[in-house]
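Common to both upcoming complexes is chain A, partnered first by chain B, then by chain C.
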Partner chain A sequence: MNKTKFQNGYLIRFNLIERIQHIILFVALIMLLLTGLSLSYYDSWFGRFMIDIEGGLESRGNLHYFFAFVLMALGVFHAFYVTFSDKGQSEIAHMKYTKKDFRNMLISFRYNFGMGKATPYYGRYNLSQKFQYWGVIFGSVIMITTGIILLLKVWKIAMLFPKWLWDITNLVHSFEGMMIFLVLFLWHIYDVHLSPGVFPMSRVWLTGKISEEELKKEHPEEYDEINKDKSGEWKIDGNI
Partner chain B sequence: MKGKFQNIGIIFIPVLLITGLLIFAESYSGLTKKGDTDICLTCHEDKGLTMEKSGKKISLFVDASHYKNSVHQIAECEDCHENYNPDEIPHTKSKQEVNCISCHSEARNIETNVHAKVKCYDCHTKHEIKPAREFAKEQVKACISCHKNQTLQHFSESVHSKNNVNCEKCHDGGHKVKKISKQEVSGLCGKCHGDHEKNFRNSIHQTVMKAGNVNAPTCTDCHGSHTIISGKISVESRACLECHLDEKKFPGENLGSAKFVAHYKTSIHASVEKEGLLEAAGCVDCHGNHMVQNLDNPKASTSRAKLIETCGKCHKDVVDSFKKSKHGMELSKGNDKAPTCTDCHGEHDIQSTQLSNDFSKVNLTEKCLSCHKDGKIPHKNYKGEEELITGYQKSVHYQALKNGNFSAPTCYQCHGAHEMETLDNPDSKLNKNNIAKTCGQSNCHVNQLRDYSGSIHEIGVSKGNIDAPTCNNCHGNHGILSKDIDNKVQKSKDLINLCSTCHTSVELIERNDLPTKVGESYQESFHGLATRGGSKEAANCESCHGNHNVRPSNDSLSTINRKNLPQTCGKCHPGATEVLFTKKIHMNDVENDSPGVFWITRFYVIMIIGLIGFMLFHNIMDFRRKMKKKKTGNNVKKI
Partner chain C sequence: MRSIRINLENGKLMGIFKVNILFFIISIFVFTKLNSPELYSQNQNQKCLICHGKPDFKLKNDDGSVKQLFVNDSLLARSPHSKISCYDCHNDIVEITAFGHKKNVNKVQCTRCHYENNPVGAPETEKYLEFQESVHQLELNKGNPNAPNCQSCHGSHDIVKRKSLSSLELKKKITQICAKCHLDIYAVYKNSIHGSELFEKNNADVPSCTDCHGEHTIKKHDDPLSSVYETKIYGTCGECHASEKIFEKYGIKSDKIKTYESSYHGIAVQFGEKTVANCASCHGVHDIRPQDDPASLINPANIVKTCGKCHPDANANYTMGKIHLNPHNEDSGSIYYISGFFKWLTLITIFLLAIHVMLDLFRKLKHKKALTK
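Our next item is the complex of A and B:
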């Protein structure tokens, strides 16, 4: 598979390109959310405050468009990255849902409820990470699609479409945005900030490094695969 | 035959004898009298007969024919010219004046009255003395032969002269002639002009005269005395003003002073009179003529109680409508505060509303407000509200007026001037049913009225629906502001708020079966969002529905009729097609109007609740477990 090896007890989990992609992604998403929600809740104190910060309503719109463009560009780059680069291809392969994921989910529930001592045997990405990744992909596609349609309206070339289309796109755009905010951010922030063991923050996104210990604990399957490469043997930790 | 003639002769001869005897006797007796007239005339018939007296030549000629035609024809010269000796020439010895009174004792009064120094012959002539009846006919001539006063010379042209009212009718005839004192004049005139005298007797003029005011006028002071002609029986204002403009007689500046009266000259009444229009009111037209009274006398034509009728003599239509008005009704009830004509129009200085003067539209406003501001007159809807004054004075109407646009309305254009009514009166110009007509009166908002007519709002008003709006419900009452305020965003917001006051009111919506959720759905729409966000271009209510011509969508004239929608929307969105409007614009029933929207909303709500619920559940469990594990010491080393 890949040739990643531990160096001084650490593994390079994400390369620089990936880390930069992540930074661009979360900056763009945060900005899009702030500028978007401030419009949705224009009449509330939050909206007024945000729009003030964003330099008025027009400036808010321009910011939103700018980060939407950043997000779209990132999306295109990411599509190329996962299609053509070796690392990308390998990563997207790990993102695919498999039967193991379902099994891991059951184990995870059972473990969390205290009904069993077996911990899930996660691979490179655990269930919630996969869910979050696909959530971002799926959400972005919807947001970008509806966003482009709404942009047509701003550009006043919208008169060819019936009004219900505007109603629907408007609705989807705002609900989807809300959903991305609630699901992705809250969940992801729990995972990388609040979750015991990583609090106050997991630094993987900055350094790209993950310790052998942590990898072993959080992503046992991957750890075992690396060790197998090294020793030529399977080391199975925990029950399946 | 012979016998017959004899008989006639026997009768005829004595008759002739007696006749001849009588004639002789007659002529003899004449000849025997002293101072025989014929003897006198033998000399005095000579036209050249003169005498000299203190250097003047005096004619002694006596026209015999005059004498013989006179009433004195049977009298001899010596009957009057006593003690003249015909033989003594000239008859100088005993000169004695002719004494008419000795015979005409009824004329004795003449010796003591104003004519004491006047000789009988000054009036009756010397020898041409006429019978009394004849003399009376020419009496006037006799009088004015001495009374050469200019006014008397024209007496013959006077209406009195023409109606045979001669000197003696007033000055007493014959020999009792007298001067007439001021106090007597009215009584004298009253002999004929009884009604007028009666009126005059009660007038302020007569009252002050009795109180001893020497300036008080009597008949002749206004009408003149001898020169009254029929054309001038009606007294001109000049006669009144002669006294009433005299500041010495009427000092001060208050009511009744000369200065106060002088304002009349600036009035429309006076200026029209100058132009020669007969309708113009002079003093007497308002104050009455003979019965002129002080204002505080309730009988006075200019008293508050009677003023309406006085003005109504000329301004009939106006006064008729005033009587029916609130002001008029209150006045007739005896309300002291209710205004009468002069309270608004002024007294002497009555002006036209057309001019830039005290009664111009701008100043008129002050007049109305002098009572109607600060709640002095309790107003049903605006108890003590300042809005009455401040509102109007800030309004576009008043500003236009002040800037010289005289067609801009002031109070009366809307409320009616004389026909002013309270709003609840169906005749009031500002009754709900009439407001639109009033605002849309000619020269005012004609176009707006045309648009408004037939609109759903107008139909509601005409059906008597009190919820339906008419002009003032949207535009306000007194404080109507200009539409072209610079702040377009604010204007848009204001407009939306305005429409929302009714169209988001649950009570009004239910009562009138109005479409629901129009306000909400607008606010959530792109248009509403943009407006709230301060867009200058975003459509507000008016952009689509029109303003005055708001009509329901099933009306083919409506701007939101399906056929007209592409055009209406096309104002902002060129190329808008009917495809755009396959669904309702304001979705008040989302499930039926747009199932897509309905189900997507439902889907997302469920999704969000489900996912968040799951996430929270998952994370809480995860957290719990990890904390437990942490306590047991299996901590992960941080990097």
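Our next item is the complex of A and C:
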């Protein structure tokens, strides 16, 4: 099934499966963040309030584990998606860092510091989008690995690890969680909510559509590639 | 009466009047003298001491037990109660004959005088109200004959003012008072770090019984209001082990309470969890000993067993690592450095992100302005 690239001036950027993955991801991450931070800040008003509405300390733990499993399941699904589906394969290919990214970074620096008029020539994903994607992948791998080690202790399964390993794991888990929140979450919130041009919210995550105008401005390389071959067809998996 | 009768026999009317007036004057003199509290009480006490002043005065009960009835007058004279009479406390004894007084004498009720706004000037205290809720009063209410009342701890005739004892003397005395009933615990405490410091090194900074358990408020350890209740004990230990005063005096900086509070055990305790370890779970209760003592529960040789009380499959591997970790303290080793690394990594990343966002915002706003012009 082939569809034309632009429908009423819009391009389908993300299909339904991708949008659902995104929703599951941010729901799981926000819930993990809230249930995790409430333990980290147990002695502040925030922690006490959160643990109270989470139904106590034990219930807080169970909620955290539940969303951790949601995240793990999503991770497994996503790995299959980018490995075996056509759309997934093409998306992950676009996520790869290339020499162009380095050039774009320099242009972007020059532009941002007011030293040049040229704007970066971004493809399907710009630098911060790539960074955020790989940041989430990398962060999730660390969080899931350390989380599983900690969970083994909670479930009294593994006594084979020495105590100092638990201590380090515990520390890495809480600091990395904080890092994901402060860097990836806040950065992403700026990019898709607060940044001028998208404020109050970019709607791509809901509709999956991006306008021709926005594509031209934000992803000029992709726009030019589409227009180079006017007769070309854009392949889309699944329904919108 | 006798003098009147004699005078009547003699038939001298004037003499009756004279003698009567004399008698009246003498009576007033004697009465006023007797009414002065000191003399009165002394006189009354002299009467009691006829029997109770003999050191071998004792009562043999039917069950063969012997009750000492001797009252050491010299101790009584030194007590704060030296100026009151026997009857003031033993107010149910009203009649004393040559054969003594009634057999079943009531226990003395200290609250006759010691209550707020009492008219006799006894030290006012609300302490007895606290005692009402204590385990000892509850046992008294149940009719336990061994349960202590005021005088069991404070003493009766030999009572001394608390302030007349130094804090060292007081602490030692308290252990002996409690040991009258809790001898087994005294024996254990004596050999603990607290007990040996108190008795062998005369250190008055260590806790004696009441420092942890409370005085009049003392409750059973499984009573949630007890100061040694599972979820409260870390605060009680913290009275000293988190005290700046103690730290200054001994030149130590202990963060044991703080690090406990931020550990999983401590957090759970603060949320009312009772099944997690508190101070006493690992360090012992009355038998707390320093870590290098082979009998210490936290001696490396015993630590697996100690953890194993709650974590049955604990092994040597499980206990490998420091407890009471403080990421801000260099002694914590890897934890300190990893925590420092992450802190700087996060700070630098956030700093770079902030710069990025500000520059991006600035450019985008400028661009927008240029477009609208």
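The rule we apply is simple: the second predicted complex is superposed on the first by the 226 of 240 C-alpha atoms of A that agree within 3 Å, B and C clash if a C-alpha of one lies under 4 Å from a C-alpha of the other, contacts with A are read in each partner's own complex, and residues count from 1 in each chain.
What we mean here is this: a contact is a pair of C-beta atoms (placed from the backbone, for glycine too) under 8 Å apart; a residue touches a chain by one contact, two chains touch by 3 or more.
As the structure is a computational prediction, the values presented were derived from the model and not from experiment.
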Simultaneous placement of chain C and chain B on chain A, clash or fit
clash
Output check: A:S211 vs chain B and chain C. Expected answer is one of first, second, both, neither. What do you get?
first
For A:V183 in the superposed arrangement: first (chain B), second (chain C), both or neither?
both
May I ask you to decide whether A:R203 touches chain B, chain C, both, or neither, giving the answer as first, second, both or neither?
first
In the superposed arrangement, which partner chain does A:E18 touch: chain B (first), chain C (second), both, or neither?
neither
More chain A residues touched by chain B or by chain C?
B
May I ask you to decide whether A:Y10 touches chain B, chain C, both, or neither, giving the answer as first, second, both or neither?
first
Between chain B and chain C, whom does A:E91 touch in the aligned arrangement: first, second, both, or neither?
neither
With both structures aligned on chain A, tell me which stretch of chain B collides with chain C: 9-17, 171-179 or 495-503.
495-503
Residues on chain A in contact with chain B in one complex and with chain C in the other?
39, 42-43, 56-57, 111-114, 156, 159-164, 166-168, 171-172, 175-176, 178-179, 182-183, 186-187, 190, 195-197
Could you list, by residue number, the parts of chain A that touch chain C in their complex?
39, 42-43, 51, 56-57, 111-114, 156, 159-168, 171-172, 175-176, 178-179, 182-183, 186-187, 190, 195-197
State the interface residues of chain A toward chain B in the complex, per the touch definition above.
10, 39, 42-43, 56-57, 109, 111-114, 128, 153, 156, 158-164, 166-168, 170-172, 175-176, 178-179, 182-183, 186-187, 190, 194-198, 203-204, 207, 209-211, 213-214, 217-218
The residues of chain B that touch chain A in their complex are 526, 529, 532-535, 569, 573-577, 579-583, 585, 587, 594, 596-597, 600-601, 604, 607-608, 611-612, 615, 618-619, 621-627, 629-630, 635-639
Per the touch rule, the chain C residues reaching chain A in their complex are 261, 267-268, 270-271, 273, 311, 313-315, 317-323, 325, 327, 334-335, 338-339, 342-343, 345-346, 349-350, 353, 356-357, 359-365, 368
